[in-house]
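Please see the structure below; I have some questions.
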Amino acid sequence: MPDAVQFIQSLVNGVGVGLIYGLVGIGFCVIYNASGIVNFAQGVFVMLGGMACEVLLRKFHLPLPIAFLIAVPFVALVGLLMEVLVVRPMWNRGSPLFAIILATLATQIMIERITILTVDEQPHTFQEFTLGGPLKIGAIAIPYQLFWIVGCGALMVGLLWLFFTRTRAGRALRACSQNREAAALLGIPVGAMLLLSFALSAALGAVAGILVTPMQAIAFNSGTPFGVSGFIAAIIGGFGNAAGALAGGILLGVLQAVAIVLLGAGFKNVAALTALLFVLFLFPSGLFAGLKPKAH
Amino acid sequence: MTGTPLIELVDLAAAYGQVQALKPTSLTVAEGEFVTVLGPNGAGKSTMLRAAMRLTPASGRVRFRGRDITRLSTHGRAREGIILVQEGRGLFGQMSVRENLILGAYTIAPGESVDERLEGVFRLFPRLKERFGQTASSLSGGEQQMLAIGRALMAKPKLLMLDEPSLGLAPRVAAEILDTLGTLNRDGLGILLVEQKAPQALRLAKRVYVLSLGGIVAELAASEVGSHHDLSRFYLH
Amino acid sequence: QETYKIGAALGLTGYAAASDRAWRDGQMLAIEALNAKGGLLGKKIEYIGEDNRSEPQEAVVVYRKMMSNDKVNIFASGCVSAGNFAAAGAVIRSETPMVLCSILPPRPEEQKWAFSILPPPRFEMEARYGWLKANSQVRKIGIMHDPTPYAQLMKDVAVKTAQESGFEVVAVETYKPDDVDMSVQIGRINAAGGGAIIKMGQGGSTVTVAKNIKQLGLDQMILMASLDDGVPLKAAGEVLGERFMFVAPRVQIPSSIPDGEFRKAADTFLTAWREKYGDRDPNAGARGWDSITVIATAVELAKSYNGPAVRDALEKLPPIQGAFAKFNFTAAQHVGITENPYVVGVLRDGRFQVK
Amino acid sequence: MISRVSTSTDRRWRALLPVAVVLAVMAFGLTSSGYVVTVIGFAAIYGIFCTGLNFFMGYTGQASFGQNAFAALGGYGTAILCGNHYWDPLAAFLVSMVFAGLVAYLVGLPTLKLRGHYLAMATFALGLITYEISIEWNSLTQGYMGISGIPPLGVWKFELANEKQMLVALTLLMLLGVWISVRLRDSRFGRALRAIAGSEPAARALGIDVARYKLAAFVIAALYASAAGSLFAHFVGFISPEVFGAAMVIQSFTMLFLGGIGTTWGPIVGAIMVLMLPEFLRGLKELQDVVYSMALIALLIFAPKGLAGLGSLFARRPKAALPTPSGAPARAIAK
Amino acid sequence: MALLSVNDLTMRFGGLVANDRIGFDVEEGAIFAVIGPNGAGKTTLFNAISGALTPTSGEVRFDGQIITGRPQHVVAGAGLVRTYQLVQLFADLSVRDNVAVGFHRVSRGGVFAALFRPGWARAQEAEVAEKTRDLLEFVGLSGVADLPAGKLPYGQQRLLEVARALAAEPRLLLLDEPAAGLNTQETAALADVIERINGRGVTVLLVEHDMSLVMKVARRIVVIDFGRKIAEGSPAEIKVHPDVLAAYLGGTEAVADDGAEPAHA
């Protein structure tokens, strides 16, 4: 049986991983909230954010803040392009959502291949934002980067919440996802809103990528695992709800950590996913939606 | 027709695949005028309104206050002040009544008060105030219709187009809404009303178009309808 | 046929991309060099490399394409084991020999036609245990491995030989190559008293483990990584300094190559490699280069391009000194590396050096 | 409105046209190299898989991201029973199918209560769980090593000697699969499924036991998936976890939407397209995938109802009057 | 004995009481109407009766059996079939197939029958096709039988929904605002259809705001307001009931206005 210190340490690590999942999950929510589209290329934005930042640091020797300020808009631009070239033509033709999702997957493959051709096929990383660490509380270690992730995660959730509920554009974005025609009939520029959501979501993905790369290594194909975990996090959180996604990510991370401690890493996904399935069976419309009063 | 034209549909036509739902149709609403469109099911009334808002691809031209807006997008037309209340209401189901209403005022100029307009709508439909925080999809059918009309009024339109607003409303509420439309019209709002319940609508309208099988078959002053012995046969097809 | 065709099913995309791309580039260099000298038995060599996306199903398709359309004479495929296994049945039916960067297919009839350039896993373990025993006090170790066949084999060897080598394995942990965090596994090894982590498995996961060790504040923990490309090794070395070590073929640390025929073989390769790829890591490239050398020697020995003849020749090859290792194939020995080719390396002053 | 009723001979002829095309493709395979045989063989296997998926997604309007789980059950069932225990292929095939159906039933009971994204997520999790188990349960599946030496398809003493014979068998099985799916669709049973795709509340109000019918469709899709998995094992002689990984899900979705979801032949057309197209682009080397992705996106943009939907452009009757529910149920899924 | 009896039915949504101890009996063979202002709780009542919602308290009996809380398809199976206020068609199925689905309740056969098509199944299919044709004829939709239902104009969609419900050969048919979106002429035609349905022995329970229709076809009317039953009686009684006038009809004028003959300006 694991001792208490080890267990707590595992939980801390689980929260750390979970925050990463959650950050990715938030990106899903933005596009979903604006369009009802699940953008499966979300993971690729994370990869691109990390890779772009790494290239700027390694090849051009830029300081981190500058690299950050270049990488994020760059990825946002990729998001914009994706909307204009792939999603919009389908959207305008009234393609089924699943077909659009497939197209985003195809885009992901394309971006991955282009990344291999322009950067390389190797894993990369860069230094933590704040060197040194970890912070030791008794026997428990907390890496400094985790604080950056927690801080930025909370900031992102907060800003997004304000954006979606308090601002005109945010509300309009949500309206577009629920009824596009009606939104246009009220004067909401639906096309521009969709564009905004892709740029925003790509930027959020890039921020997540830049935040997590110092904790590990990313390569051209790191997008998929990020995307999958982020998607699961967003689902647990009730899809569309940024705070829910972050919480969902943490839950997933902790579940995995506990599973590793109790069963070993081999079955950690099996255990975590099985637990999740049971959660879904109990709360058929997401954990956090399930807490609200049920209406038929 | 009297006064300067507010909206002019010129040879507007639309098709769904091989189905010509709207043959080339011309129709005008003057500033401050109340026009009603009658016609049996499937006549193309909804299609005409959708084409006028460019929700359906259409040929022909649309002019609004003298300006050609044929190339203007749907939201552009809404910004110009044309608001359509759709058949089937087009609410944002997962959003609250309040949010639906606030979104109605999306085109509001900075400095104007959304709350003032909200109050105006609540005076008209007190029920909406009671259901303020409820999601739109959980409203009763009639309440949803009130919300749809209320939301349209939030935009302070110059031209209000309504596609069967009385659908699902209790007689008294339907009458009240039509009265309200009458009041708004007297205050200068141009109204284009598509309605099946002809008697009430005719009381308010100045002119009437009758649509059948995708084309306008009659255009006449509202006062003539009663005496027009062919009309019932026309619009009942 | 005008040319002698060497086919390769490669994981140019997918998980094997990092090693298979370098393997391919090494192969192409070797073929260029051979063709410059006139080719093989008078024919130019033609290289046909197809992407199997690191997936078995794709591998079957590209193998079939190379067999029936390109009519390749021999295969020199990359390290996607499952892909090579999936196609092995069809390949042996066509009596085409395969020289692989992966482990050998499981069935004896398939092994008859397959030859491996990959060192057997025990050498990696011998190198690591040997070094640890000689140079550190650590006697309790933890093992971390991914579920790939090669890593599994190595783990079995490591557990089996630990005691005789004087070590106690306190924990065996697994991970998935694309895991974003392995702190929990590391924490368990640490809690069990492990002073060093023997990691089996390549790629970015090595960097992540190094980062995690640092983030957990384990400033005594040693990390010994597998044979790998220089990029992740360098990144991990930058995190842990000299507490990070890896198993390296001498070609990866050229200063460690002894003079003699090895030096000569390695220099030929390295000169060509450096000229084309600068300071790119030569590890997998050297193996690719050697695979072609092995094939060329066999063809010359067989004095024939014929598949079965080349296969037979491969079993009778004299020992060949390659850039990566020395190869010694026999009928009983289809895994050609019979001498331990490894040293233990570290990153020091930004360069790989022997620890 | 015009709605000309076509004569029954006309209709029959049009129904046979796709069969003729499929047989032509197979004939092309038989006269070509092993490479083409392999690709067309995979297309037939995926065609079977997608026909099942189409049943659940196209007709019933439900999303499953986890059908690969049942293909894995079929594949491993066959591999273990035939490879390790020397069972007769047909027996292993049927037993695996029954097992997959049983698992689908048990798993479907709670899972199909979910809707929309949650159903998608839950099925996705099922696929992922199965995949992970197939990696980790080493003693049974041999993990990434995979299982080699699975015998070719056969019945009792009779074994299909080579790939070409196997291709004939696969094509016939695929046609059988399509035939069964059409039989099922055009019946009281199938109508109920399509009703569920249209509106669950309305279906309920007409006395349709929605949960039961969804479950039935899920089980049927699983049977198809299991069959496809078994056939893959026989066709290649080797399986490993990656064969039934997420790539399978993505590929089958691509086939379904490219071919035309909810149509009879869409899954088959899609399977052939998705497996052949990259082969035509192989000459582009490093750019193969980039161009393939672009082609895929372009197809999805310009043929939103799928390639099978394009067929109706050439039909003589107006599109609106087609009696089959072509293409459109995809919209139900998308909700 | 009443075919349907509703006793003390209460339905709450959080703090909101949508149905407050409602009770009434519908006799076999009747045409029964429920009216009331918007948001009074009529649709909620239908939902509770048909099994789409489980009432908070109270009981519904159908043909003597308690059906409260039973799943909707079971209730429908017993012969209680409903339509929806906002049409719920199978938009992608043809008009013909929509009606054919309606026969689900009164036909049988599953996978086995579908696959092997024994004689009885083929006979049944032929019968379904035949009856579908009759029903489409009955509601006047034969001309559009091959169109996808979603492409019909609204009025025809309503008729189709009625036809589909009829296909289920219900003993009790619940119609939620069937005349919404129909013009006066079409409403009159619908009244005719309802009376003919009733003539076939089907009991009808109707929610409707169109008083011309209600007053014409209903034999008995229940009025609810704010979830409570405020009146019950014959059309003649209801028309003059002071509470009903105050809560709903809003003076006799509205009733007259809704009259069948087109009014003057």
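Labels A, B, C, D and E are assigned to the chains in the order they are written; within every chain, residues are numbered from 1.
Simple rule for what comes next: a residue touches a chain if its C-beta (ideal position, glycine included) is under 8 Å from a C-beta of that chain, and two chains touch if they have at least 3 such contacts.
The structure presented is a predicted model; accordingly, all values stated were derived computationally and were not measured.
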Just knock out chain B conceptually, keep positions unchanged, and give the connected chain sets.
one piece
State the pair with the higher C-beta contact count; candidates are D-E and A-B.
D-E
Per the C-alpha centroid definition, the whole-Å distance linking chain A and chain E comes out as 47
Which integer distance in Å separates the CA centroid of chain B from that of chain C?
73
Roughly how far is chain C from chain D, going centre to centre by Cα mean, in whole Å?
38
From the C-alpha centre of chain A to that of chain D, how far is it in Å?
31
So which stretches of chain D touch two or more other chains?
1, 135-136, 286, 289, 320, 331
So which bits of chain C are touching at least two other chains?
13, 147
Residue ranges of chain E touching at least 2 other chains are 13, 52, 151
Using the touch rule from the top, collect the residues of chain B that touch chain A in their complex.
53, 55, 73-75, 78-79, 83-84, 86, 90-95, 99, 102-104, 106-107, 135, 138, 151, 155
In the complex of these two chains, what residues of chain D are touching chain A?
63, 110-111, 113-115, 117-118, 121-122, 124-126, 128-129, 132-133, 135-136, 246, 250, 253-254, 257, 261, 286-287, 289-290, 293-294, 296-297, 300-301, 304, 330-331, 333-334
Enumerate the contact residues on chain C facing chain D in the complex.
12-13, 50-51, 54-57, 60-61, 64-65, 67-69, 81-82, 85-86, 88-90, 105-107, 110, 147-149, 152
What part of chain D is in contact with chain C in the complex they form?
33-39, 42, 135-136, 138, 143-146, 148-149, 232, 236-240, 242-243, 245, 247, 279, 282, 286, 288-289
Please give the residue numbers of chain A that touch chain B in the complex, ascending.
168, 171-172, 174-175, 178-179, 181-191, 295
